[in-house]
Amino acid sequence: MTTGRLEAFSDGVFAIAATLLILGVHTTSDGPLGHSLLHIWPSYVAYAVTFVTIGIIWVNHHTVFGQVETVDRTFLMINVIFLMLVSFIPFPTGLIAVHFRGSGLEAAALAYGATLTATAVMFNTLWFYAARGKRLLKQDADPRVVTGISRSYLPGPFIYLIAMLVALASPLASVILYAAITVFYIAESSLFGRSSAG
Amino acid sequence: MTTGRLEAFSDGVFAIAATLLILGVHTTSDGPLGHSLLHIWPSYVAYAVTFVTIGIIWVNHHTVFGQVETVDRTFLMINVIFLMLVSFIPFPTGLIAVHFRGSGLEAAALAYGATLTATAVMFNTLWFYAARGKRLLKQDADPRVVTGISRSYLPGPFIYLIAMLVALASPLASVILYAAITVFYIAESSLFGRSSAG
Amino acid sequence: MTTGRLEAFSDGVFAIAATLLILGVHTTSDGPLGHSLLHIWPSYVAYAVTFVTIGIIWVNHHTVFGQVETVDRTFLMINVIFLMLVSFIPFPTGLIAVHFRGSGLEAAALAYGATLTATAVMFNTLWFYAARGKRLLKQDADPRVVTGISRSYLPGPFIYLIAMLVALASPLASVILYAAITVFYIAESSLFGRSSAG
Amino acid sequence: MTTGRLEAFSDGVFAIAATLLILGVHTTSDGPLGHSLLHIWPSYVAYAVTFVTIGIIWVNHHTVFGQVETVDRTFLMINVIFLMLVSFIPFPTGLIAVHFRGSGLEAAALAYGATLTATAVMFNTLWFYAARGKRLLKQDADPRVVTGISRSYLPGPFIYLIAMLVALASPLASVILYAAITVFYIAESSLFGRSSAG
């Protein structure tokens, strides 16, 4: 199997998972529509933050495949489990949108954080399985680029784990942290990332 | 990252957002099915107009990529935010279908217009970020073609903003305008666009 | 725009429309699950027949693109409207599944037939727009192949129109005809189509 | 039609069917959200096992296409019917998630097993139709590889048929078997499959 085919399948899952997020945006049935549309603003924020988060994961996924030359069945299986987690993200996103004002926000924030933490762990597993001893990398892969990628991905699981644990003290702070992580990543990409892509 | 991969991902989002529109077409549960199917004709029009609108945005998106040679991270992020807006379109489309005969049509028409205006703004951002000083364009891009594209995209946000503001005076007129914009674009393409594509 | 990109977008819509059909299969909430699963057999048949029908349309769509070399904006717009109809098919399919035993079957069968008839009309429009005077065809397109394609597509709208009109006399007969058309096409492909594809 | 286009369409159906599984994960509306999220753990397991199962079928589907050179209409139709079954899998998966603790588990386990058995039968049909007398295979296909593929696919229908029949004695044992089949496949791939892929 070529990496191209694996990427096409992965891109499909990324695109569908991101687009399905809109099914989690609903108006409440009581009161005038205008009020309802304003009242559900947490749905819009949850939708936007998560769509962009999936977009960022997709960009990083392609960065990995830019270095990978061959795949084996273990790598295929790691990728399937990783995609299973990406595809799960719409579920906790919907929970945060629905329970934003209620007592369920703590559980929703924990579920969101657990999903993102697990996704980040599997993403690192995917990368380090390929990169360990250059197992699946291109022969001419630049060691400094490989080390740079490793360094930039390692903090992911810890950042999401911390944001998740914050929910035990303040669910609202946890949710703000999730949004801040995404905003920070976009800002950083725009300021420092203009010379090269992916 | 090649532009080809970015287009494949974008095409996936376009195709899914357009196809998900059908989930917004529902029969009402009361009365005979035949009556219900006739009664919900606004759903069909909303579906058709929005599907074709997404199709037109998709055609324009490819016109941009026909001129773009390289991408950077800022461009990637702009594209992700643009796709986030495209993928949001099924939500206000469903609102117009459901509230067409009720007092909620004003809010629904405003939501639809706001989404399309924001989409057009991000589309222009995408194009002008790439075209400014030929930052990401092909070296041999024809300046007249580039200027022609710029001119044809600039009115988009204003057209949708005006159609949206019309909803404050007459929601029905606003919705008719949205349909007219799409019909006009198809007619214009068919009459003047036969010699070349995309 | 290359035909390859147009086909990729079209394939996406075909694949999503077909896969969304499963959302129209529901169990009824009363009684034991085993009984419910048997009771809803019309859902399974409607799902299977329509999935295969979309598959057949997809095969025919590629036959067209095997002859097409260039596209213009009119062709793009015809294709978008054609895809809008394909993507609409899950809606009347769900109607037949839900109203199979009720008085709504006539309206459901008419809606299904009208959708398939319109799809077949737009498909012919797509083909004849490209083939008229070889407007968009490959220069070396074999005239006999082109004539053969024209002949095989022309009956489609009439066949579905007749099956639809039968619903006015007997909705059940109409629905059986829809299934028979699909079964006949598969059988004919298997018996006579082994030497070449698509 | 090239095999590449057929694979792209198939990949789309695989990706959508897998991603739609998340629509079957719901919280119950009574009690605190935290309790509800723990209570619905069977949904998570059903989601994970089935997502990975579809991933495995996808890997095997590509193994077939790695040997196939040409396609005919019969092969296209077999593939469409095979994809119709893959796309059906989210329905019985949702049944197991909802009825895990109730008396409906037997019917749900039978429906899941019947779907997977039929999918495995059509997958074998797809492969043996192509491989019989090397009908559609590459001329230089290695006979030992072809025989190896045949051997590895043949047990599939029987394994799922047995796991399905177990549901008549113990629905819970049947469901555990479905999960065990998937876990076994992943473990086996990881231990023995590192040298080559697909």
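Some points to look at:
Each chain gets a letter, A, B, C and D, in the order it is written, and its residues are counted from 1.
The working rule: a residue touches a chain if its C-beta (ideal position, glycine included) is under 8 Å from a C-beta of that chain, and two chains touch if they have at least 3 such contacts.
Just so it is clear, the structure is predicted and the values come from calculations on it, not from any experiment.
Taken over every residue number at the interface, the positions common to chain C and chain D amount to under half, indicating a different-residue contact.
Once the centre of each chain is set as its mean CA position, chain B and chain D turn out to be 37 Å apart. Between chain A and chain B the centroid-to-centroid distance comes to 26 Å (mean Cα coordinates, whole Å). In chain B, the residues that reach two or more other chains under the touch definition are 8, 12, 16, 20, 23.
With chains as nodes and touching pairs as edges, the resulting graph is a single ring in which every chain has exactly two contacts. Residues 1, 5, 8-9, 12-13, 16-17, 20, 23, 70-77, 80-81, 83-84, 87-88, 90-91, 95, 99, 102-104, 106-108, 110-111 of chain D are the ones touching chain C in the complex.
Looking at the complex, you find that chain D touches chain A at residues 7-8, 11-12, 14-16, 18-23, 25, 27, 32-34, 37, 47-48, 51-52, 55-56, 58-59, 62, 66, 186, 189-190, 193-198.
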